[in-house]
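The data blocks that follow each hold one structure.
Presented sequentially are two complexes of chain A, the first with chain B as partner and the second with chain C.
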Partner chain A sequence: MRILLLASLVPALAAALSTSNSFHEALTLHPLPDGKLSVLFEFTTYFASASTGSSLRQSHHYLTPPSLLLPLEHNNISELTVSFVAGQWDQRRSGEAGPLHYESGGGGGEVRGWLRSNGDKAESDRAWTAVTHALGGLFCAGLGPSDEGDIVRSFGDIYPPHRGSPSNLTHYLLPHPFLHLCTENLTPFLSLLPSKGLSGLSSLLAQPGTVFSWGFKSEGIEVIMPDETSPGRWRGWWEGVVDLVPERGGSRAFSLERIFGRGIPRPFPEAETSVLRLMVSEGMSMEPEAPKREGKWIDGRYREVAEWDLLEPGMQGRDVRFWWDGERDFVHPRTLRPPSISVLRTVTAPHASDGTFTIRFSNAGSESRRAVYSEVWPWWVKGWISEISLRVDGSDESRDDLLDSMSYHPSTPPTPSTTSLHLFLTLPAQSTLVVSIPFTKLTLKYTEHRPDAERGVEIPSGILNLLDTIGEPESVSSDVPLGVENARQTARRRIYTNRLLLDVPTPDFSMPYNVIIMSSTVMAVFFGLMQGALTRKWGWVELPKGEGRGKQGEDEPKAGVSVVEGGAQLAGSSS
Partner chain B sequence: MSISNPDTPPPHPPPPPVAPLANPSTPQVRPTPQEISDEINPPYRTRLLIILSFPVLFLLATPFWWYTTSIERLPLPVERISALENLPPPDVRSAILLTGSPGSYPSPPPGKAQYAVKDVCEAIGKEVVRGVDGIYAQGRTKGFRWWDLVYEAERRSSPALRVHLTSSDRANTTFPLEPYVQSTEMGLGPGSGLGLSAEIKPGTLVVPAHPSLISDRFLRQHYKIAVINSLLGLYPSDPPEIPLRALKYSPNITLSFVLLNEDSADGSYVRSWDIEGAIRDHFLPHLEPLSPVFNFSIESQILYHAPLSFEPTYGPAFDTDDGQVARAIEAAQGGDQRAEEVAAALLDDRKGDEAWLIDEEMMKVFVNSERWSLDSGSTNNPVLRFLLFVPSAKHRPMRLSVPDSAQSFLLPQFGAVALLNPPTSAPSSQAYHLPLSALSPSFHLFTQHLYSLLALPTYPAKVHPPPPANPLQPPSPLTPPLSRWQVETVLRQRMRENSDEARKTLAGISRLVKKIKEMQVGDGVRGKVLGAVEKLERLQTTPDPLEAFILSRDAVALANQAFFDPSMMGLLYFPNEHKFAVYTPLFAPIAVPMIVGLLKEAIAWNRGRKVSR
Partner chain C sequence: MTSSGLVLIAGVVLRLTLFATSIPALLERRPELSTPLTSVRSLKEGQFILAQGSDPYAGGVFHHSPLYLLLPAVPLVYTLADAVAAATLCKIAKERKALVAAVYLFNPYALLSCLARSTTTIDNAVLIAAIGAAGPLSGAMLAVASHLSLYPVLLVAPFAVRSRWSLLAFAVSFSGMTALNTVIFGHSWMRASWGVILTVSDLTPNVGMWWYFFTEMFEHFRSFFLGVFQLHNVIYVVPLCLRLEPHIAILVLVAVFSTWKSYPTLGDAAAWAGLLACYPDVVKHLRHPLFTLTVHLYTFILLPLLHSLWLLTGTGNANFFYAATMVHGLNSSLAVT
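This part shows the complex of A and B:
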C-alpha cells in the first residue's frame, strides 16, 4: 500500500490550478504627514465556481473558505461587502479623504451587497436576512437586521455592481453604526484566509495585542461570486493607523520589527504574490533598498511606490527599515494640506427634541465637482426636507442652485424603517458648501432605546459619492513629475463622513413598577374612602346640656363628635 | 371622619321641629334620636345591598378576569398517545424473489414429468418458509418472519432481495453450500459456465452448487438450509439497533471532506487532490441508493495550516507488516518483477521504523476544532467530517500507535481521521497533487467509517465473499455499492428509530402539558400532535418499507415541531411569586375595608337579632 502511495504522489504541475485559483497578499505602508503611518493588509483570492454538478450537491474548495462562500452561494448573492470600522479617520490631519482601502465603510459595521433576484421580493429579502445572519455568526457580530425595516434598498446607484446589470440584481444595505471593530472580529477574519495567520503576511496581522493598539482600524471583506464566464474574487483587508512618533517626541524612523515585533515572515507557499509596498514620502530612505520603484496615480496624486517581493529567497526573517534623511526630531507641521474633497458633519441641537445636521463639503480643488450626498436615518429622525438650506461658507446668501435634485425615501414611523435621502450637489471650486437639514427626534419606542451607557443612538455615516472621477490610470507617461495632483484621477468614489451620536432622553425603565405601586396606592386610599362613605351609618346622639360645648375639645378626637345646635350632635359611625 | 368644623352645617341637618297634629297645644317635641337616625340613614336593606355590591362586583368581574388571563389549552389526544406506546412494531413486509437456473437441480429421468424451474423453487421456498416459521415458533430465536417469498418478479416493484439457485464450476465440491452476494463486476463475466450469470443482477444472493453435487439426494435439503441460514442473517426479526457512534436520524446530512496540511510552510505539502473522483468512486455508490432516506450534501476544502494541539511522541512503530512482506517476497520468488520491487521497498521502509506516534489519548484530542474550521456551518444539518491529515515535515512519518497498524480512526458521531504520509525521499518545499490512486486507501477506510457512522448494514457472516470473477484480475478495492437489501434494512432501522422517537416525544409532550398548567396548547400544536399520532397509527397498517419509513419520518418531524413550538413557551407563564407581587398591592388594601365592612354588618345583624328577641 505504501509503495502504491509513493508512486502515485506526483508533484503537481504549478499551472494546473493557479489559472482559476490564486492567492495574493500585499502590505502597504503609507506615511501620513502628521507623523503617523497607515498600514494596510490586503489578501485577494481568485476562485472558480466551487459547485459541481452531480446527483448530490457538492462544493469543493481549495484556497477559499467554504464557511464564507457557501452561505453566499445558497442565498444567491452576487456581490457582498462587509466592513467594520473603529475610530475616526481624520481627513484634515491625514490629508487623505479616507483610509487607504477605498471600500472601507464610514463607521461601525456595514453589510451591503447585490442579490441575484428572480423577481420575488419576499424571497430576496429572506435570502438577504439569512446571509447577514450567517455572516454575523461568522464574524461574531450582530450583522443581521434587528427588524425587516432596517434594510436600506435605495443605495444601488451609490454602490454599482462590479458584474452584471442592476436590472436583475437587487441591492441591499444594512448599516450598523453602533458596531465596533474589536478583537473577536479579527480571529474569524484570519480563519477565512488560507494562511490562517500562521505564515505569510497574515502572521504579522495575527497579533491582536499589537494591531488593536493602533488608532483608526478598519476590517472588511468584499466577495464577488463567480459566474459562468469569469472567476470569483474575494478580498479581505485590514487597515490601521500607527503613531510613529514616540510619546516624548523624537524621530519617526520605523521598521517592520518596530511595528510588528518581527521581521519578514516565512512565506505562505500557495501565495502567488506577496509584496510589501511603501508610498514613499519626501526625503524617505529605506534599507534594504526596494528593487522596484515606480510612479503611480493613487487617490488623485501621482506618488512614488516602492515594492519588495517577499517571496524572493533570502527575504524571510529580514527587517526593513525606513527613515527620513536628516530628520532627528519630528516636528508636527504647522499647516497640513487638506484633501481635495473633505466632508464634515455635525449636529447642532438647540433642544433635546430638535436639531440640525450641518454638513460642510470642502472642495480644495480648482474645479467644481459633481456629487451625490446620501444619508440614512432611522425612522425616529424626521428631517424637514423643505427646510434644507445651502450656502457657501463665508456668505449668508442662499445657494439653492447648487442642489440639482433630490431623492427622498421617507420612513414609515412608528414601524422600524429607514429614511434615505440623496442630494445631487455641485461643489463649487475653492470653497466650502454648507448644507443644513433641520430635523425632529420622534419619541422612541420602549424597546428601541439603546442601553443607558450609550447615551444616545448612533446614526450611520453620510456618503459623498463623486460622480466625475476618472479612475487611476495604470500606464502613465514617464514625464509626470511626482506629487502632481489631479483630484479626479482617483478610484475613490465615495467619501464617508463621521458617524454621529444623537442623544436621546432615556426613560426610566422602572416605570411599570411605579405604575403598579401608584395604582395600588390609589385603590387603597380611594376604595376605603368610597366604601366608608357609602356604608357609613349616621346616628343622632343626645348630650347632656352644657357638657357638649365644654367637653368638645376633649371629645372630638376621641369620639369624633361634632356639636350642633341644642347640644345634640350628629355622630358618624360605620355601624 | 366626623364633621368637626362647627361653622359648616352638618350634611344632614336635624329635621325642623314638627308640630304633632294630635296635640297642637303641646310645645314642640324633639324627635327621638332613633327617628333621626332612621330618617338620615338609608334603610337597612339598601345598606346591605351597597355593602354586598362590592363583593358581587368582584364576583361578576371574575369571569372577565378569567377570560383575559386564561391560557388556551386545547385537549391533546392523550389516550391515543398512550395507546401508541403499547403498539407492537409495525408489520412491514418485504418480498424476496427466489429463482433458479435450470441446471441447479437434477433433470428428471426421461419419461417422468418435467417441472418448470419456478415450480422447483416454489417447493423449496415453501420448505424454507415452514422452516423459518418453525424456528421462530420454537422460541429459540424470538421474533417473527416479516418477509414473503415470491417466485416471479412483479413489474411494479422490484423485490428487496433476489435469491438465485445455480450450479457453478467454481463452487465447493462438498456440502454445505456457500451462498455469496453477486458483486458488480461479476454481473458481466460468465462465472457459472452456463452463460446464465449475465442475468444475475449484482446484489443477488447466489446459492451455488457444484455440478457434481447436483445429483445428490440431499441437494434440496442443502438448498433449504443455505437459504434459511442466509435469510435469517440478512433479515433478522428485529433490525439491528442504531449504535451510539452513529448519527441519529436527520433527513439532511452534510459530508465534509477536509485535507489538512499540518504546516504547508514547512517542507512539502499537498496542494490539491482529486476529491471529485474519490467521492465519485468511493462515496456516491453508497450515498445515491440512500436518497429516499437521507439528503446528502458534500463539501470539501483544503487547510494549509492545521496545527496540532499536542506534540506526538517519537518512537518505534508497531511491527505489523509481516504478512505483507512475506507475501511480497513469496511473489518475488515466483519471478514477479514488480513484486520484487514492492518487497524491496517494504523492507527498505522497515529499516527506519521509528515514527511519530499518536496514541489513544491523543486521538481523542486530535481534532483541534478551535483552530481548524472543518465545515462551513452554513446549515444546521449534522456534519460528518472525513479528515485526511498530512503531517508536517518534522512530524513525518506519523503513525497511529494501535496494534493493527490502522492508519485511520473513527470519532463517534463526528467523523473519521486518516493519516497520509508523503514520501520521505521527496525534496522539501514541494507541492503535491493527490491523484485518485493515492487517495484510494484512505477513502476506502473512509467508506468503512461511513458505514459505521450511518449504521449501514454489512453482510452477515453466513454470506460468503464472492469468488473472483476473473483470476487474472485483482478484486476491486472498492466496497460494493449498497444493494436493495441494505437500503431496505436501513429503512426498517430508521423507521423503528423514528417511530420510537416520535412516540417518546409525543408522550413527553402530553406529560409536560399535564405537569405545567400554565403551558399553552394552541391549535397549531394540537394539529401537529394529531398529525404525528395519525401517521404513527397509519404506520401500523403500512406494509411497504419505504412508505412506512416516510410516515415515521414525518411523524417524528411533526412531533419535534410540536415539542419545540414557540407558542408553548408563551409569555403567560409567570411564576406564582410574580403574580402575588403584582396582585397583592392591589387587592390587599381593597379587601381589608370590604371584609371589615361585611364583618361589622354581620355583627350588627347578629346583635339586632338578639335585641329583638
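This part shows the complex of A and C:
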C-alpha cells in the first residue's frame, strides 16, 4: 500500500527534489547593553518530502534526517516545534523581550505542533503521543506526556499555523517545565544537521565545553512539513548568551577565536549560504570590515546589520575581531533602556498552601497595546478566577476595564490535567499593569509527588501574545535613521515569562503505616464503644426484697447506678 | 418564650455586629471552619464562573451543590440561617428553651462558621429545620439537606419511622431536585459535588480523619478503605433505629456523621451540640461530659496553631496537623458514645 502511494508521488516530487532541497546556515552575534553577547546559530533546510528521499535517494546529497521526518510524516504532523531553554532571559538587563530567535519557547522544554486531523480525536491524540515519544528518543529527553492529561489543547490561537487553516488542523502543546537543556541534547541536535557538526558553522557549535558554559541557552527545531504546493522547511537553532567582560573587568572586545577557540571553519560543501551577521551596536568596529552593511527592522527597532559571506574563498581560518572604539574598561550602564513590552511573573504571599501570581506587564511604548496573556498550570494549582485583580502600578485603584475578556479551561483534579487561562488585556501606554491571580495548592497524594518533593515543582512560563504586531518589513526606505523604534514593527509575537518553582506542601513520606494504623484504631474504638452501647440492654431489673442491699455492693463495679433505693436498680447487662 | 426570643435577637445582633468588623475576613479561609465543599471562597468562584456563562462543574474546581449557586453569599442569609436553626431547636426542646437557643447561637463553633460564611451553617439550618418539622414537610426538608451535603440521607430511616409520609415526600422532592439539576447542568454536577464527598478526591486538610489517611494511602488499597470509611457511617443506621426512639436515633446519627463524614468542619459539631441541648435527659447520661468539653477547647486551640505551622510558615510538617485532627476525632468519638 505504502509503496503504491510512494510510487504515485515519485513523478511529482522528483522534479521538486532537485530544486527545492537546500541548506542555509547563519551565525548572528548580537551585543547586549549589559556587556553580554547573544550568539545565535540557525540552520535552515528546505526539503520536498522525507519518505521519497529516504527510499530513493540514500546519497550524501540528501539533507533532511529521516529519523526526524519519518515519525512526523507517519503521524500526520503538519508543523512541529521542539524547544529547550536553560537559564533565564533577563528582559530588563538585555533590553530585549526575549532571545533573538522568536520561536524559542518558555523555560524548560516544550513540544507544540499542528496535526492534520480527520476528525477522530482519539486517533489524533494517539498520533501526537507517538510523535512526542519518538522525538523524546531522538533528543534524549522525556518529551512524551507522562499522562494523557498533560496535553494542552487550547493554545491554537497563540501559535497559529504557518500553513493550512486551523479548521482541519489540531493544535497540541506539551510543556515540560522541569526539563533542562543539557549536553545530551546537543549531540542529537548536531546529528540532525546535514553538516553533523563536522564542518560549516555547526563545527563551532560542536564544542559542548564551550557552549554549555554560557549563561542563557536555548535549543530547538521547527519543522514545517511539505504539502502539495510548497516544500517543507526545517530549522534548528541554538542560542546562548556569552559574558564578554572579563572577570576582573576590562574591555568587551571579542573575536570568533576568543568565543569559540577557532576562526571561521571549513565551509560545508552542501551549504547554499553561510553567513556571519552582527547587529552593530553604537561605536563598534570590526576587522575585517563587513562587505555588506544594511539597515533592518528587527524586533521593533531599526538596526544596522553587518554581514559576511563565509563561503567566499579566503575566509576559511580567518578570525573576525570586534571592539568598541576607545573602550578600555566596560562600565555597566546605570540605566538600561527597557524593551517596549516586558513581562515579569512572581509569586507573592507564598504560604506553603496558598499564593498569588503577580504578573507585571510593562509597556514602555507610547501607545497602548492589545495582548492575550496565557498561563498553563498543573491540576494541583487551583486559581481563583473570581479574585483576579488588575491595577496600574503606582495606584491602588482597580482597573478591571483593562481586562476585556477571559477564557478559562479548568483542570479536573485529582487526575493529571492542566488548567489553561487566557486573559485578553489592554496594556496602557507608558505604565505597568499588575495582574494578580490568587491560587491554592491542592494536596497531592503521597504517591503523586516527584522523587525530590521538597525541592518543589516547576510550572510553565506564562506567554504574552501580542495581537497588534505588524511584522518586520523587508524593504525599507533609505531615509529611516538607525535606532528608530516602533514597538509594533516586530515579528516577535510572543513574550515569555520565566518558569516558576512552586513549593509543594508535602506529607510525611514515612508515615503511611502509622497513619493507617492510628486512624483505623480511632475508628475501631468508636465502633467498639457504639457497639457496646447498642448491644447492651438497659432496663429495670426486679430483685427479690432483702437481697437487693446485699448484692448491690458486689454489682457496683461493673453495673449501673442505683436509681431507686430498695427493690430495683438500673443495671446494664450484656445480652 | 420571651426569654428565648431575647436570646434569638441577641444572637442575631451579635452576628451582625461581628460581620461589620474585620473578623470574618480572617475566618473565611480557615480550614477548620470550611472545607473546599463548604467555603464561601469556592462558592463565590462557582457563582462567578456561572455568571461568566460557563459551566462551574466543568473541570473540578467547584464542589458545592447546585442549590447553592442561587444563594446570595451575604452575611444576612447566614445570620438568618442560624436564627432559623435556633428557633427550630427551641421548638424541639420541651423545656428551658432560652438555654437551648443560647447553646446553639453562642456556641463558638456555630458562631465562627457563621462568620466565616461557611455553607455548613446553611446545611445545619436546613438539617435542624428538617428534624424540627413534622410530617411530609420534614421529608422535603431532609431532601434539601441531603442535596446540600449528602450525609443527611442517612436520616431517612429514622424519619420514615417517625412518619411514613415524610419518606414519600423525601423520595419525591429528592428525585425532583436531582432531575431538575440534571436538566440544567447535565450530569457533571453529581460527580463534582456528591462524587467528591464519596470518593474524597480533594485532599485539602480539614479537621476530619480522612484527608491524611487518603493522602498516605497505598494506591491499591484506596478503594477498599474508601468503602470501609463510607460504610462505617452507614452501618449504624439500622441498629440505632431498631434500638432507640426515632428522635434519639436522629441525634446519635447526626453525631456520627458530623464526626465521620468525609469533609467535616467544626460547624458540624455545632449542629449536634445544639440538638443535644434539646434532650436534657440524654445530657445526663453522657459518659465524660467534662472531659470531652475540655478536650474540645484544647483542640480548638491546637488545630489552627499546628495548621499554620505546617502550611503557612512551613516549619512543622503534616503530622502536626494530623495529630490535632486525631485528638479531635477521638474526642468527638468519646463524646458521642
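General remarks:
One rule holds for everything that comes next: the second predicted complex is superposed on the first by the 478 of 575 C-alpha atoms of A that agree within 3 Å, B and C clash if a C-alpha of one lies under 4 Å from a C-alpha of the other, contacts with A are read in each partner's own complex, and residues count from 1 in each chain.
Following the convention adopted for this analysis, contacts are C-beta pairs under 8 Å (C-beta built on N, C-alpha and C of every residue); 3 or more make two chains touch, one makes a residue touch a chain.
The structure displayed is predicted, hence computed values, not measured ones.
Of the two partner chains, chain B is the only one touched by A:137; chain C is not.
Between chain B and chain C, the partner in contact with more residues of chain A is B.
Look at A:519: by the touch rule set out above, it reaches both chain B and chain C. Of the two partner chains, chain C is the only one that A:352 touches; chain B does not reach it.
Once the two complexes are laid over each other on the shared chain, residue contacts for A:191 go to chain B alone; chain C is not touched. Of the two partner chains placed around the shared chain by superposition, chain C is the only one that A:385 touches, whereas chain B remains out of contact.
Once the two complexes are overlaid on the shared chain, A:527 sits against chain B and chain C alike. Applying the stated touch rule to the two superposed structures, the overlap between the chain B and chain C interfaces on chain A comprises residues 516, 519, 523, 525, 527, 532, 534. On the side of chain B, the complex with chain A involves touching residues 1-6, 10, 12-14, 30, 33-34, 36-37, 40-41, 47, 50-51, 54, 263-266, 269, 271-272, 275-276, 279-280, 284, 287-288, 291, 296-305, 307, 324, 341-342, 345-346, 349, 371, 373, 375-378, 420, 422-423, 425-426, 429-435, 437-438, 441, 582, 585-586, 588-590, 592-594, 597, 600-601, 603-604. The residues of chain A lying in touch with chain C in their complex are 351-354, 379, 382, 384-387, 406, 408-414, 417, 419, 440, 442-447, 503, 505-508, 511-512, 515-516, 518-519, 522-523, 525-527, 529-530, 532-534.
Those residues of chain C that touch chain A in the shared complex are 29, 41, 44-45, 47-49, 52, 54, 58-61, 201-205, 209, 211-219, 225, 229, 232, 236, 239-240, 243, 256, 259-260, 310-314, 317-319, 322, 326, 329-330, 333-334, 336-337.
The residues of chain A lying in touch with chain B in their complex are 1-14, 16-17, 52, 54-67, 69-71, 74, 134, 137-138, 191, 194-196, 198-200, 266-270, 516-517, 519-521, 523-525, 527-528, 531-532, 534-542, 556, 560-564, 566, 568, 570-572, 574-575.
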